[in-house]
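By letter and in written order, the chains are A, B and C; residue numbering begins at 1 in each of them.
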């Protein structure tokens, strides 16, 4: 069982690589290099701030784009191209397929992010000539971004299991935007009354909590991140991703493949 | 034990978004395929062949009935490890090479990592793709794709093999090779179940056939049994270019080439036709019974359905 | 398909379980992070940059910051905290993003200017906020009123207050009180009437519930101050007449000095104290009063402002 999941995951990773996804690292490297050089020449005292802000934001945005672009086709492309037929006629269970796809894309994103992290730290070293202990929090910021990727991947997989690529992209992107303001949404919900209160509260709790996973400006200012938050966020991301994956499995299990 | 046993398998689709209208794709089907035979599943396009195959593969869920392959349920992984499937006009991961594809599928089918590499090489050799082993599939021709498709279907040594339109898109050489392969598979003791609309292939290969039309089983049995139930025809050849009008009226197909005319008429009209020729004082060259083909069976049984693709082969 | 049913069952159960746990974890995270999203406001060194980064969606972003400001102030208010450091940046960012969000300026005038615990204690920034608003909405009389209001109530700069009211009175549809207050400011700055006029203007024209409630509380306080002054004067006259202070309002009535029993704005009767002072029964319910409290009275740390119904 786990070897089949691993094989599907590895194949998904291989597909992304051969799809030239990793070329985005080139664009990222150019961006970070340009920024580091510019910032090194211009400003006083905020070089680290700019590098961390820009670097982590780029990691987050690049990764989101990749997660959505690849994620929306994970299932629907296989159905459309009918490559799925010869896979499912083998002793591969449908849920193994979904889980394998998830780990494949997640793995791609993690590898991508790690490469980008090296770039960020290289730029950081360039502009400030030494590392400080507070830079460790940048790693936490990066870790949280990876947790965001896990959630987005599971959501795009969920949408891909029943909806067209275009709709999946729209849904996933919308959830990303709304989720980035989910704390405000809960604030809005607490100020309403009646039926809208119930609806707003339900939405506010269902939408993924990206706002808590976005500590970029905080770590850019070298503020620590509480250990409790790290634990809670990790657990939340894992449970939320599992939830979306369960939904994907449930839907895909019942689907008739035309 | 029958290799494939289908009991009352049926599929009804509900079409439409709001008011679901039922669309019958397959009426309850009963079929038994014995171990080690080559079984042809025939019918015009849209008859329900692919639907049946998809249900057997677990890609589509039946709305009624059951089926067993090698005595096991359709979702049993142990059963799936012992079957192979080649879908119609297959498309595989085009970023993989032939070898990578076979190794991937082999592992998914349970072939262990140590032997999968060797088996992939053997398969590539067997289907004549040894030179393209490290070429990406996106550079493969249609015929090559079909061959790699066959390779992935038999790589793990299945006992039952399912082919959906295996000859489609192949040139005559390719079709010959596939036919030979299917005979080899039977010699190896495998059961081959394939669907096609090319009757000549079915006639040449199959031990038994089943014919479906508009989602319903029309007939099943050995080819010889089926064709013998159809009234035969007779071919008349005479000299001259005149075709008597009476002959046309008997439902004859007439051709004139050079100074010889030919006509195919149902056996029952033979006497009337000979009378017509004699009246015109035409010189008869030969009277020969024509072996009924599956196409005749089709045309008779399935009229007023579309004509079969015997000519499209 | 039995295996399929099992998988569906497990997936369904897993879905329900992880959903519940996710929601619970969300609440934990919210507790750990309370206030964190708002503190990021301190990192926005330039609201102008933020506006440009919002790519044209500044209206929506303004609304989001406005909601955060209201929640921030309301939340802190209830928990009895005395410092509202983030209110000024929140309001400044809100108005930068949407300079026409008038309610934000009003909020600033009413809650940014007063000293803690009633507000953030930053009257200068409140004035700067109004002036920014006036530059962007030169014809809106509310902003001039807000400015004059802050000058009057917190900075006690009556000249500048009068100037602001005068400028505002010239705007279209200005409230008639503006002209009156501008004219009378020079002589009657400290008058009860002036204050009452001002708070009435706020009460009548605001659409924000908290601002309205605050104005109502001030008006009640003014009423109490006036009542207590008058009642103590009457009690003094009674003392002159009889040589002692009254023990009940009935006595004052029989002496012809009073008609009926006076009630405070909440409907309770006043207390006549033995030393001739008049006190309210429930001083905690009447914030901002300057008269009518017992000598050793300390007001609650958070003034109890009753909601208007």
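Quick note on the criterion: a contact is a pair of C-beta atoms (placed from the backbone, for glycine too) under 8 Å apart; a residue touches a chain by one contact, two chains touch by 3 or more.
Given the structure is predicted, the values throughout are model-derived calculations rather than measurements.
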Query - Mutual neighbours - chains that touch subunit B and subunit C alike - result: A
Report task. Report the most central chain, judged by the distance from each chain's C-alpha mean to the global C-alpha mean. Result -> A
Report summary line: Looking at Cα centroids only, farthest away from subunit B lies chain C
Report summary line: So, in whole Å, the Cα centroid of subunit B is separated from that of subunit C by 84
Query raised in the report: So what's the Cα centroid distance for subunit A and subunit B, whole Å?
Result: 48
Query raised in the report: subunit A to subunit C: how many Å between their CA centres?
Result: 43
Report task. Specify, in ascending order, the residues of subunit C that touch 2 or more different other chains. Result -> 3-4
Query - Residue list for subunit A, restricted to those that touch at least two other chains - result: 93, 254
Query raised in the report: Residues of subunit B that touch two or more other chains: which are they?
Result: 61
Query - subunit A-facing residues of subunit B, complex - result: 54, 57-61, 77-78, 80-81, 83-87, 90-93, 95-96, 104-105, 107-110, 149, 152-153, 162
**Report entry** subunit B contact footprint on subunit A (complex, rising order)
**Finding:** 3-4, 7-8, 11, 14-15, 18-19, 81-93, 254, 256-258
Requested in this report: Flag every residue of subunit A that touches subunit C in the complex, lowest number first.
Outcome: 93-95, 181, 183-184, 186-188, 190-191, 205, 209, 211-212, 217-218, 220-221, 226, 228-229, 232-233, 235-236, 239-240, 242-243, 246-247, 249-250, 253-254
Report summary line: As the complex stands, subunit C meets subunit A at residues 3-4, 7-8, 11-12, 14-15, 18-19, 21-23, 25-26, 28-30, 32-33, 36-37, 40, 43, 64, 67-68, 70-71
